[in-house]
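Chain nomenclature is as follows: A, B, C, D and E, assigned in order of appearance, with residue numbering initiated at 1 for each chain independently.
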Amino acid sequence: MATLEIKKLSRLFGDTRAVDDLSLTIGDGELVCLLGPSGSGKSTVLRMIGGFEEPTAGSILIDGQDVTRVPPERRPTGMVFQSHALWAHMDVFANVAFGLKLRRLPKDEIHQRVNASLATVGLEGFGARKTTQLSGGQQQRVALARSLVLEPKILLLDEPFASLDQHLRERLREEVREIQRRVGITMVFVTHGQDEALAIADRIAVMRDGRLEQLSRPDRLYRQPQTEFVAGFVGQMNLLRGAVRSNVMTAAGIDLPVTLADGLATLALRPEDIALERRSGDRGAEVTRVTDFGTHLSIEVKTRCEHRLKIMAQPGTGWSTGMRAELSAHNFAIYRDGKLCFMPQPGSAQSSVAA
Amino acid sequence: MSRAEATRQDAKGGRLFGLLLIAAPVSLVLLLIIWPVALSVFDTLTVETPSGVALSLDAYRFFFSDGFSLRNLWMTIQVAAICTVLLLIISLTIALYLRFSTSRLTGYIQALALFPLFVPSILLAYALIRTLGPNGTVDILLNAVGLPKLASPYLTIWGPIIGLVWDNLPLTLLIVLAGLGNVSSASIDAARDVGANRAQVLRYIILPRIRSTLLVAASFVVLGLFSAFTLPYLLGPAVPEMMGPFMRRTIIDVDDPLQARTQAVVSFMICAAFAYFYVRSIARTRREQSS
Amino acid sequence: MSVRELRQAGLAGIGSSRIRANWAGIAIAALLSLFILTPLVNVAIWAFTEVWRYPAVIPQKFGFRFWADVLSRGDVHLAMTTSLSLAAIVTALSALICLPASYAFARLNFPGRNLFFMSFLTVYAFPKFGLYITIATIFLGLGLIGNFWGVVLIQLVSTLMFMVWIPVSAFQNVDRRQEEAARDVGASQLRVFWSITLPQVLPAISAAVLLTFVNTFYETEVAWLIGAPEVRTVPLLMVRFINSELVVQYGAVLSLLLWVPSFILLMLVRRFLGAQALGRALGA
Amino acid sequence: DTKRIDVYITGDSNIINFWNNIIKPAYEKANPQYTLNVVSARNNIAPIVDRALAALGSNVDPQVDLFDENDPNLPKGAIEKGLWVDFTKAGIANYDKLNPVTIETKYGLPYRGTQVVLAYDTTKLKPEDAPKTWAELVAWMKANPGQFTHNRPDTGGSGGNFVRRAIHEANGRDPSLFRIDNYVAGDSDKLLAKGFELLKEIAPYTYGPGSYTGDNMQSIQLLAQGVVTMVPVWSDMALDAVNKGVLPETTGFTQLTDLALAGGFADMTVPTNAGDLEATMKLADIVLSPEIQTKVVTEIGAFPAISWEYLPQDLAAKYAAMQPASIPTFPGGPWVSAISDGWFRTVAPHVTR
Amino acid sequence: MATLEIKKLSRLFGDTRAVDDLSLTIGDGELVCLLGPSGSGKSTVLRMIGGFEEPTAGSILIDGQDVTRVPPERRPTGMVFQSHALWAHMDVFANVAFGLKLRRLPKDEIHQRVNASLATVGLEGFGARKTTQLSGGQQQRVALARSLVLEPKILLLDEPFASLDQHLRERLREEVREIQRRVGITMVFVTHGQDEALAIADRIAVMRDGRLEQLSRPDRLYRQPQTEFVAGFVGQMNLLRGAVRSNVMTAAGIDLPVTLADGLATLALRPEDIALERRSGDRGAEVTRVTDFGTHLSIEVKTRCEHRLKIMAQPGTGWSTGMRAELSAHNFAIYRDGKLCFMPQPGSAQSSVAA
């Protein structure tokens, strides 16, 4: 358990700014997710924290101590790799015990700690197995145990579940969260799956092109994305280009009262924040597709002006392709130059929408 | 020392360390291969005149105007070409089978094809003389079932060809196998899916995909054949002879080290061309694999 | 579906393509056996033959006479020890200098890396005879002619290509993440190499070592040009048996004696060779 | 600790065995502080000679003490550079016992003589029909195409001496035309060319045709396997082969009576920079001793280099019959390369297969 | 376009029954998803339809014609592989054109059809590109174009998007659906992602251990899973062991009126079918975790009898860890021996639940 402080960290690969002037402070026992599209520099940040990559500029402090130039083997960090990176020539026990052996602990203690660690990840009795005899999920858990057994101050995980299937991923994600709560360890978790980040993180750092876009609690990230990029990247979002004129935002034939200077802007509407009301004849927007996901319906509509919007509705509401509907939004946000510039007070603005 | 400086020092240290690690084998190559080769080349390009050493192409002029030498060179090229083609066909057939069959025979076939790796060529020459030589075992068997005798390949150009194919089979096979390993089953399935039959799959998908592998294998075989000695010497005809025995006879019997070196350099030049192909193909495969 | 139906359906399935595939296998196995095994079996028969003249299908006289002859010959014993120690020393030295080098080629960046790497090809590309003639003159001045260590030196050079190239491709195949994971749990670079990297490249290295050993053991020309008179190896003995020994069977017996270790080696390395260590190293 | 004397043997295994089994014990018994190291230098003597030559003048030990059969005229200039020991001045006690006809050069020490004879299969060719002259031989070959072969002239010597016989034949069967010192490039090559013409004439009737074997042994093997009917062989080797059962009992031997096939005496040579010259001279002396020379006759079926008078009476009587009045010899030196190279360039490629 | 009929299909690998007596009929122009856990035999079925694997027993009919023994190159099927399996030595155009060239069509026609096909997948003008110069998504689309250009009667897709990231996967999935609608082709689509199946399929075939568990429309599959396995596999589900006594199902302290014989049974409750009502003090179940996914909250509760349940709630309902709640279910199903045996009529049963 420890605090991690990253100060103005940069990393260049040739001309590529993989990480660009990134600052970040992570509290004791906190789990922070690095979320971002492929190539946004998440792995590079993590590898610099772990000591596998040297920063071009900036510094990294763990519990206030500068570790920027400390080699990985002497950092109080543990890392779980995407490809799990188990040592195929050792069995499960030896994999987990290796770090302890290097520390010359007595045999008994090694035994006991390895077994405890395997138990933590739910792999009691798997010690003698070869790593090749394990399923993908089990291998990931061994990798986790291997890091946990050394009781690192900070655990770094680089897309540890990316190669696993949905069910397994969900289960392991919850297990990691559970372990983190129990052991109270500080964790940095890299992912490009937004669901994963939302499900697991205390705070989420959204990265883009090596820079930090937003660092917030998951619910705030979802409900108050500070940039257009975050809005589009986290969760589903209808982004509609339009313009503000005399405090009315018009986009895709939708008019919304705002308090903003005139000019171009982008309207962001979450699918679940749009309500549909059925219309007869050919008035309103046309429903072009309805997908039943069980827990909800995903409805795609085409407005008069040929904009397509995604809308979420309760299952069993009977929508089907070809129907006509009127849209109303009860929550929205406006972005200008990529930055959030207007958001109605909760419960205040509710605007009917012509389609 | 500032941190940045320390890092730079590290990098430099790493480079030095790398050079240090490769120093021993590389200097061996430089001293015992490159240097003598350079000496040989220098020798063949110069004559000693009273006024010192002068540049001269006489040695090469002789080689390339001497029908006898050229005939030997031509024979070597022929043998190399035939061997290479045979080896590629045989290894490709075996490799294709090993790659795509699940039968239990694969283990046996692989072991068999690799066995020549562990048979020295001198032993092989001996065995082939006993087997394919005149009135050898094959003739005995043919005679026993009342068939006419075999025209013995022994002491003809086919003697060394059979021996060299036998000898080079394992390495060629291993290279081709490794290349075939890079052809995914899915890409073959995909080809059959769009209507390619087996022959077409081979022609349009497998062969283009392993083209550089085949080049690697061919270059490797050719390099080996030009310095092959034991098999052509023991199994081949007196004339024409392959470059290996020719060089040996030139130095030992004809006592003409200059021509022997010239022959070596000429062979080396041809090999160098193939070495160039080889290096280029390797670069290509590496590129393809990394992408 | 009943078992009978199932079996019928299965047989129908086997009907076309599976049988065809197996015919191919049987044909390949048969032809290859003929090609590879005939000479070997033939030699094996000769080894137990005292008289075998054309056109008898079966040798006129079997016997072990020549075995006793060969086994009691002093030169055979001496040659065996010379060859074995030569091969062992060369292989050990080669591993000693080449493995660090191949690690450097695979993992470190330094100027001239590719050029140096490819320079090992020259070992293979220049005709041996031309080369050894020149080397012999150089060696003479160094007193390395007729010297065991002179032969060791030259043999060492001939082994460099395999001994560097095969491990290099093996090192390159070791997942860097695994090494980083080891450093992460606290292993120093040296320890990582010893505990993580080395065990994983061991099969490929074994293949390289065995190949080197075999090639050195069977080498003929160097041993003669550089090594005579001190260094008399088994292949040189073979050359003599074949070229100038009246009794054919000596060669046959010696061949059989040599095949025993070959066969054991083959069985040993087959697994490693199957791992494609070699083909990939040579650039396929 | 004993010192080692390195002896290089050019001959086949019967010679090697002779050195190992007869000379070596005798020498080591007489000189306990030395061991004799017998090395087979089969067809590969030149690099070793070069090595000794290169070491000349330096104090490097070339690791060579004696060549059992070597032409001191090769390589060119070796004699002038003082590579070889002059035996007339070496003070070898038994030197005077040498039969003068055997001495060709003072840098060579002859110690055994042998000749090439024609070995044939009596089941296919009756002894009474065996050819006795070159003309008969050629006629027989033409009547029986593919039944004759010989080995390449660069190896072994039996084939080389057959080639030399053809050269004699083409030049009036006069061996005196060819002397060690009278090779003149161009002129002499014309003499050789005449012989090559004869060989070209018979080439289409040789086994193969034109499949010349690689060595003495391979010729014997072809004869043993019944592939051919007749091959030229070294008399000593062939006898040994019959004794060992390699050649069947039905093997017959014949010699051309108009002029025998060339043979000759093996010349030992000693480089002046040999490690221990004195001990080497002792070795040479022992080889020329009547005891060893007797064994030369009895063990390897060769001719002694010393005069018969120094050998046991009964032996002389028994073997005199086999020994022709004279063995025609063919000089070494530049002739060797000229013949070999000429043959390879003109005769061997002549046959189209 | 064609119908596909699979009759009693089986495939053994050694002793493994990869596919076991599977029968299935797919109508003209239909898109059927094969859904199932890893190793359930989905790929094997698909490969047998494509002709890459020979059935041990059973037969496959396309448009009524038996093709069981026809080699792949002569079947009217096209396949898109998970690893896309593009031919790296050909450019994009050549990849798509290869099948047509084999059919010896005139150059002009090939040109025109390839370009049309590339246009269909949104890759106009990419013909001259090397396949290595394409992104993962573009490569998959080329693979799709390669199959589509031959106008196969049936298109087979084996987890075509498994290796792509979430955003891309969603987009491509919709594109495939679009194309399928437009071209009207019959499709069999293998996936182990339930969302994917629900989003794309006309009907879903759930497989387990080589056998067919259920074949239904997506909404029916979600709301009326016929087996316990399907219930657990498709969507989130709380499965609670319990027993029926005198027409009352009791599980995890919940009592529900049923009409069933006495005996053991399993109660299945969807998270979104459970309603929570706040309780004070320590009555009711305890909320152990709340995860905000933006569109909904996922709440985990622990009942008195230590059962854990997942419950879905609207965002902004203010639930947090440690609160107490009473549960009520308005939809449920009961399984016995793995089979569905009771389900209340819609709107009828609504039972309060003691926790």
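Simple rule for what comes next: a residue touches a chain if its C-beta (ideal position, glycine included) is under 8 Å from a C-beta of that chain, and two chains touch if they have at least 3 such contacts.
All values derive from a computational prediction rather than experimental measurement.
Identification of common neighbours of chain C and chain E yields A, B.
Counting steps between touching chains, the shortest path from chain A to chain D takes 2.
Here the chain pair with the top count of touching C-beta pairs is B-C. Ranked by how far their CA centres sit from the centre of chain A, the chains are topped by D. If each chain is reduced to the centroid of its CA atoms, chain C and chain D end up 39 Å from each other. Centre to centre, using the average C-alpha position, chain B and chain D are separated by 38 Å. In whole angstrom, the spacing between the mean C-alpha positions of chain A and chain C is 54.
With centres taken as mean Cα positions, chain E sits 25 Å from chain A. Residue positions of chain E touching 2 or more other chains: 71.
Those residues of chain D in touch with two or more other chains are numbered 43-44, 47, 214, 225-227. Shared contact sites, meaning residues of chain C that touch two or more other chains, fall at 54-55, 133, 239, 242, 248. Against chain C, the residues of chain B that register as touching in their complex are 14-19, 21-22, 24-26, 28-30, 32-37, 39-40, 93-94, 97, 101, 103, 105-106, 108-128, 130-132, 135-141, 143-144, 166, 169, 171, 174-179, 181-182, 210, 213, 216-217, 220, 223-224, 226-227, 229-230, 234, 243-244, 247-248, 251, 257, 260-261, 263-265, 267-268, 271-272, 274-275, 278-279, 281-282, 285-286.
Interface of chain D with chain B (complex): residues 43-47, 74-76, 152, 154, 207-208, 210-214, 218, 222, 225-227, 336-337, 340-341, 344-345, 348-349, 353. Interface of chain D with chain C (complex): residues 6, 8, 11-14, 16, 37, 39-44, 47-48, 50-51, 54-55, 58, 60-64, 214-217, 220-221, 224-227, 237, 240-241, 244-246, 248.
By the touch criterion stated above, chain E contacts chain B in their complex at residues 47, 50-52, 71-74, 77-79, 81-83, 85-90, 98-99, 102-103, 132, 143, 146-147, 150. Taken together, the chain A residues at the contact with chain E in this complex read 37-38, 165-167, 192-195, 198-199, 218-219, 222-223, 234-235, 270-272, 291-296, 298, 312, 315.
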